[in-house]
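Quick one: the structure is below, and I'll ask about it shortly.
Letters A, B, C and D name the chains as they come in the text, with residue numbers starting at 1 for each one.
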Amino acid sequence: MTTATVPLLEFDSLRVTLPLGGTQRTVIHRVDLALAAGSAVGLVGESGSGKSLTARSVLGLLPEGARIEGDVRFDGASVPAMRQAELRTLRSRHAAMVFQDPRTHINPLRTVGDFLTEALVSVRREPRAQAEAKVVALLREVHVADAERRMRQRPSELSGGLLQRVMIASALAVEPRLLLADEPTTALDVTTQAEVMAIIDEARENRGLTLLFITHDLALAAAVCDRIAVMYAGHLVEELPARRLVGDAAHRYTRALLASRPDPTVPDARLRAVDGRPLSAFEAGPGCPFAPRCAAAQELCHRERPEPRAVADGRAACHFPHAVDPQAVDLDAVDPHAADTERTAR
Amino acid sequence: MTDIPVLEVEGLTKRFGEHTAVDGVSLRLASGESLAVVGESGSGKTTTARMITGLESISSGTVTMGGRPLPGPRARTAERLAFARRIQMVFQDPYTSLDRHQRIGDGIAEVLARHAPLHGAELTRRRDELLDQVGLDRRQADSRPRHLSGGQRQRAAIARALAVEPELLVLDEAVAALDVSVQAQIVNLLAEIRGQRPISYLFITHDLGIVPHLCERVVVMREGRIVEAGPTAEVLTDPRDPYTRDLIDSVPRPGWKPRRRT
Amino acid sequence: MIWRFLARRTVALLATLLVASVVIYGGLFLAPGDPATLLVGGGKPPNPQLLAEIHRQYHLDDPFYAQYWRWLTGMLHGDAGQSLSYHDQVSHLITARIGTTALLIGYATVLIVLFGVSAGVVAGLRGGRTATAVTAATTTLMAVPTFVSAVLLIWLFAVRLNWLPAYGNGTGLADQLTHLTLPAIALAVSWLAYVAQVTRSAVDGEQRAEHVQTARSRGIPERLVVRKHILRNASGPILSVAGVAVAGLIAGCSVVEQTFGLNGVGALLIQSAAKQDLAVVQALALLTVVAFAVVNTLVDLATAALDHRVPVGGAA
Amino acid sequence: MTSYQLASVVGRRARAARLRRLLRGKLVLVAAGAVVALVVLAAVFAPLIAPYDPNAVDPMAVSQGSSAAHWLGTDDTGRDIASRLLHGARPSLLAPLVVTVGAGLVGTALAVAAAWLGGWWDRAITAVLDVVFGFPGLVLAVVGAAVFGAGLKIAVLTLTIAYLPYVARVVRGSALKERNLPYVAALRMLGLGGGRIVLRHVVPNLLPLVLVQTATAFGYTLLDVAAFSFIGLGAQPPTAEWGLMVAQGAPGILAGAPQESLYAGLAIVVFVVACSLLGAGLSQRLTGGER
């Protein structure tokens, strides 16, 4: 990553408010993130973190009434400033999205073939036969057996895993440069998840795609992405290379998230819970959004919102980042009070 | 008493028309033991749990609890209450497993009053004790479910089940609908409860990640059949069945890469 | 699969009609006293000789099932018996009037489809103020009963403005249509409002469906999103509510015909009910139930054909 | 889970619109409630507030327009229209009230029984209701009038039967959904009896729906009853009843004295609009925003 080249996708102090409950509520407080062309970034967070909306802002798919501050730039062009025609070009040629639940995101009344060729035929004016040949080839590429037959079937006749591959094929059909994947495997079984992720990974490699992968699963993101960005309550709290995640995560929240999903095959890995529930962006107080749940929180944390700062080769928005110890992975440091887990339960 | 298993399931089978959802499942659960039933969608794990709890009719096979068979649909009140004290269940969806019009505390009091000769202050004391055990306070006890978070509702469901002091608690994907950081809280709570009282768990899950934290033994189900069974540590580190291996290999963890099976 | 579905629906339809016919015919025997007095018609003092004649003519001394069977088979052959108050064959009475009623219902149906559906679609697509305005207007119109709108229309268009005739059938198609305009509007108005409301919410629901969002995220032009996703998917509920409306028109046309002095079967039903002319009432009630049930069944079939998600077979 | 965020994204325009509607809705709800309450009070206290005897004929004041003596004028026999409207509110409201409450109670009971007992019971109840559904309400009432003679009582009875399937269908659908919710299974497992679960848990949860249904249906039932009186088969002269008043005033329209029909018609429309707004408002409050 050199600073001279323009990143393919860049969030610049993105802040989004939505009209909810009579007032304009903040759903994204601050996101700064750059994706170099060809890179893969995992955007990880729990419910209410704003990760999904962040992804949607790239395609200008935010709800009506959303107010955007800061900027989202695709290949240097500001998305919020785009006119309808430009936005359509962006959506139909440059960036495509894979949604969480293919069952509701594909028109149930039309055939799989209609769904796959729609954008090619209606937007890119390709002849139907050519478009069909293209998507059949794509279906084969994402390992859908019996592609011709599938084209004539309706979504209700396909399993969830198969349907998600159809969704991926339809995203690839427009030959985008950027793929946005919003929890593409959350609704699927683990073995199917592994296959679908392998397919996304493969497609990315073969086509040199840039990937923004939205998930709640840190380990899954780390497995297919170069860099990890963690969101909490509308804030991007940490960003770091995926391979350094386990050892070098600096933000307390990132470490807490890791500790609540230990590796099942490692004997005696301890399960550590964080008190409380994940906050939604609009519930965040004046200080660090994670402070109410953070075992290491000080008075400053409750008072003042931390700015993102460089930590090793990443950034973290934390007043007291976990000191990186290159020698040992000390997960216990997340939780200095041994009795905390128990207090959670009480 | 200790020799009689809490739960014994023999050749349990469920057919829906031509489709066999559960095919000859046998399980044995000793007093105080905790067993995980792991499988993906369509494995028959939930149907198995529903047959054991009497929520689904059994096509063939037997279920005995403490040496007694399941009560039939026309069982007398006393028999039904006795069955309730043997087995309870916590459901996956915390949004629909509580009556949305009933305050959390009232729901627990209703169950307590049904099972124990408790009245007035004593009933309230026992109710608050249960709520305290699962980490809920008075304010939450006076709330209706919609004012609670998913984790809190699941705590309430656990407290309600514990109110009858069951020998066996069936946890049907009980943490699957929760956020990752909240899942860990509930798993820890369940582990803690088992440390305090003699209770067995039958933990139905698709998620291998939590199994070692709660269960000593695990069975793996696929397409209605048990493909592997054994102590958790053994099965997870040294699986015999290729499907079990596949399942374990599919769990993302540090250093993991997604691979296609084909 | 589709044939089995058709067969099942047809059997259900026939069963409903059979039970309905028993109820309609059996109603005669629910009344206290001698059914023959009813058949004579209200008001007249029963004359023993006439009663005996009626007993013989209507086979009232036969067992119920035999009488019923005679009545039903007669109906199926187009013989609905004799009206005592009109001194005519019931079938004559009906055939002379059914054209007017059919024309009236057809006219009202066209109005509903033309204005109700389009108002709903526009409101659903535009949302905001348009939707609020349409909802307000339709809520009010739904509360205006047919007979009140009839009276208001007569007062405004026939009396005050003198644009359209208020009473009578007219002769020739053009004149008939002119005469039927106010009645058709009166008949259609509340159903039109209902159809508009349901259409609006169906379109609005599809508008917000996730698959529509997918289509938008793929850069599909809005015009195609509307046509191929929103309207295509909303057409099922729209069709079925239109069917409900047509069935409702069949039930409601009697009030309109009565108010506008139209010589249709609806008015005949009311008048013969007032005269307790049971032969006519039975025939017309059965006719209405048949029409009602046939429309309902046809709409169900059409909805199933439009939306393959509606389970047509045993297993979905 | 992300479905939350999704919902908020997808619900975009609707949510903003719903919000605006809710704010305005509160005003509308209060206004609608006030109208309904006023009309009900007027019906209850009609003898106290009506300026004239509703049946007092006055040959000296036939078909008059509004005046200080007769606010809304008089009909073709010189009866005071305002007094007749006030008195007419009683049968006009009471008859549909009996119909809705009757159909609501019996329909709900049948629906809950069908959904809870399932199997053979469900099939039998549903089949019976399907046959009744095949009869348009007015036609059933007309047959009733033909057999038993015209009158409000028979209209109320037949319309109650005709409305049963409409209530029962909706309630049965919801009761089935309710019965299959995990909380019902949980309560069963906790050892609670079927009767207690139905009466203390399932029915209270269905109550908002039934209430909304009946509140909305009440207005439309009123239309049907009035229509029935209008065609001469319901309330009989000289009873003051709104539908009948529209009919009796109809000849006056051509004669240039439309006041009786117009005011009676207006009374019906205003009251029914208020009812349906109240029903819609209640439905948003009682069933919206749950879960």
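In this section, contacts are C-beta pairs under 8 Å (C-beta built on N, C-alpha and C of every residue); 3 or more make two chains touch, one makes a residue touch a chain.
Protein identities per chain, from UniProt: B = Oligopeptide/dipeptide transporter, C-terminal region; C, D = Peptide/nickel transport system permease protein.
The shown structure was predicted, so the numbers you read here are calculated from the model rather than taken from an experiment.
Q: Indicate, using Cα centroids, the chain positioned nearest the centre of all protein chains shown.
A: D
Q: Farthest from chain D by Cα centre, which chain is it? Let me know.
A: A
Q: Once you count every C-beta pair in contact for both, which comes out on top, C-D or B-D?
A: If we tally the C-beta pairs in contact for C-D and B-D, the bigger total goes to C-D.
Q: Taking each chain's centre as its mean C-alpha position, how far apart are chain A and chain C in Å?
A: Computed from C-alpha means, the inter-chain centre distance equals 54 Å.
Q: Between chain C and chain D, what's the gap in Å when you average each chain's C-alpha atoms?
A: Those two chain centres are 21 Å apart.
Q: Report the inter-centroid distance (CA atoms only) between chain B and chain D in whole Å.
A: So the centre of chain B lies 47 Å away from the centre of chain D.
Q: Find every residue in chain B that makes contact with two or more other chains and list them.
A: Only 179 qualify.
Q: Among the residues of chain C, which ones contact at least 2 other chains?
A: 209-210, 213
Q: Among the residues of chain A, which are close enough to touch at least two other chains?
A: Only 47, 61, 101, 216 qualify.
Q: Okay, in this complex, where on chain B does chain D touch?
A: Checking each residue of chain B against chain D gives 53-55, 77, 80-81, 83-85, 87-89, 91-93, 95-102, 110-111, 114-115, 146, 157, 160-161, 163-164, 177, 179.
Q: In the complex of these two chains, what residues of chain D are touching chain B?
A: Listed in rising order, the residues of chain D that touch chain B are 1, 181-183, 185-193, 201, 204-205, 290-291.
Q: Name, in rising order, each residue of chain B that touches chain A in their complex.
A: Contacts found on chain B: 40-41, 132, 134-135, 149-152, 179-185, 187-189, 192, 206-213, 233, 236-237, 246-254, 256-262.
Q: Across the complex, what residues on chain A touch chain B?
A: Residues in contact with chain B: 46-47, 143, 189-195, 197-199, 201, 216-217, 219-220, 222-224, 245-246, 256-257, 259-265, 267, 269, 271-275, 277-278, 293, 341-342, 344-346.
Q: If we count contacts the way the header does, which residues on chain C are in touch with chain A in the complex?
A: So the residues of chain C in touch with chain A come to 209-221, 224, 228-229, 232-233, 307-309.
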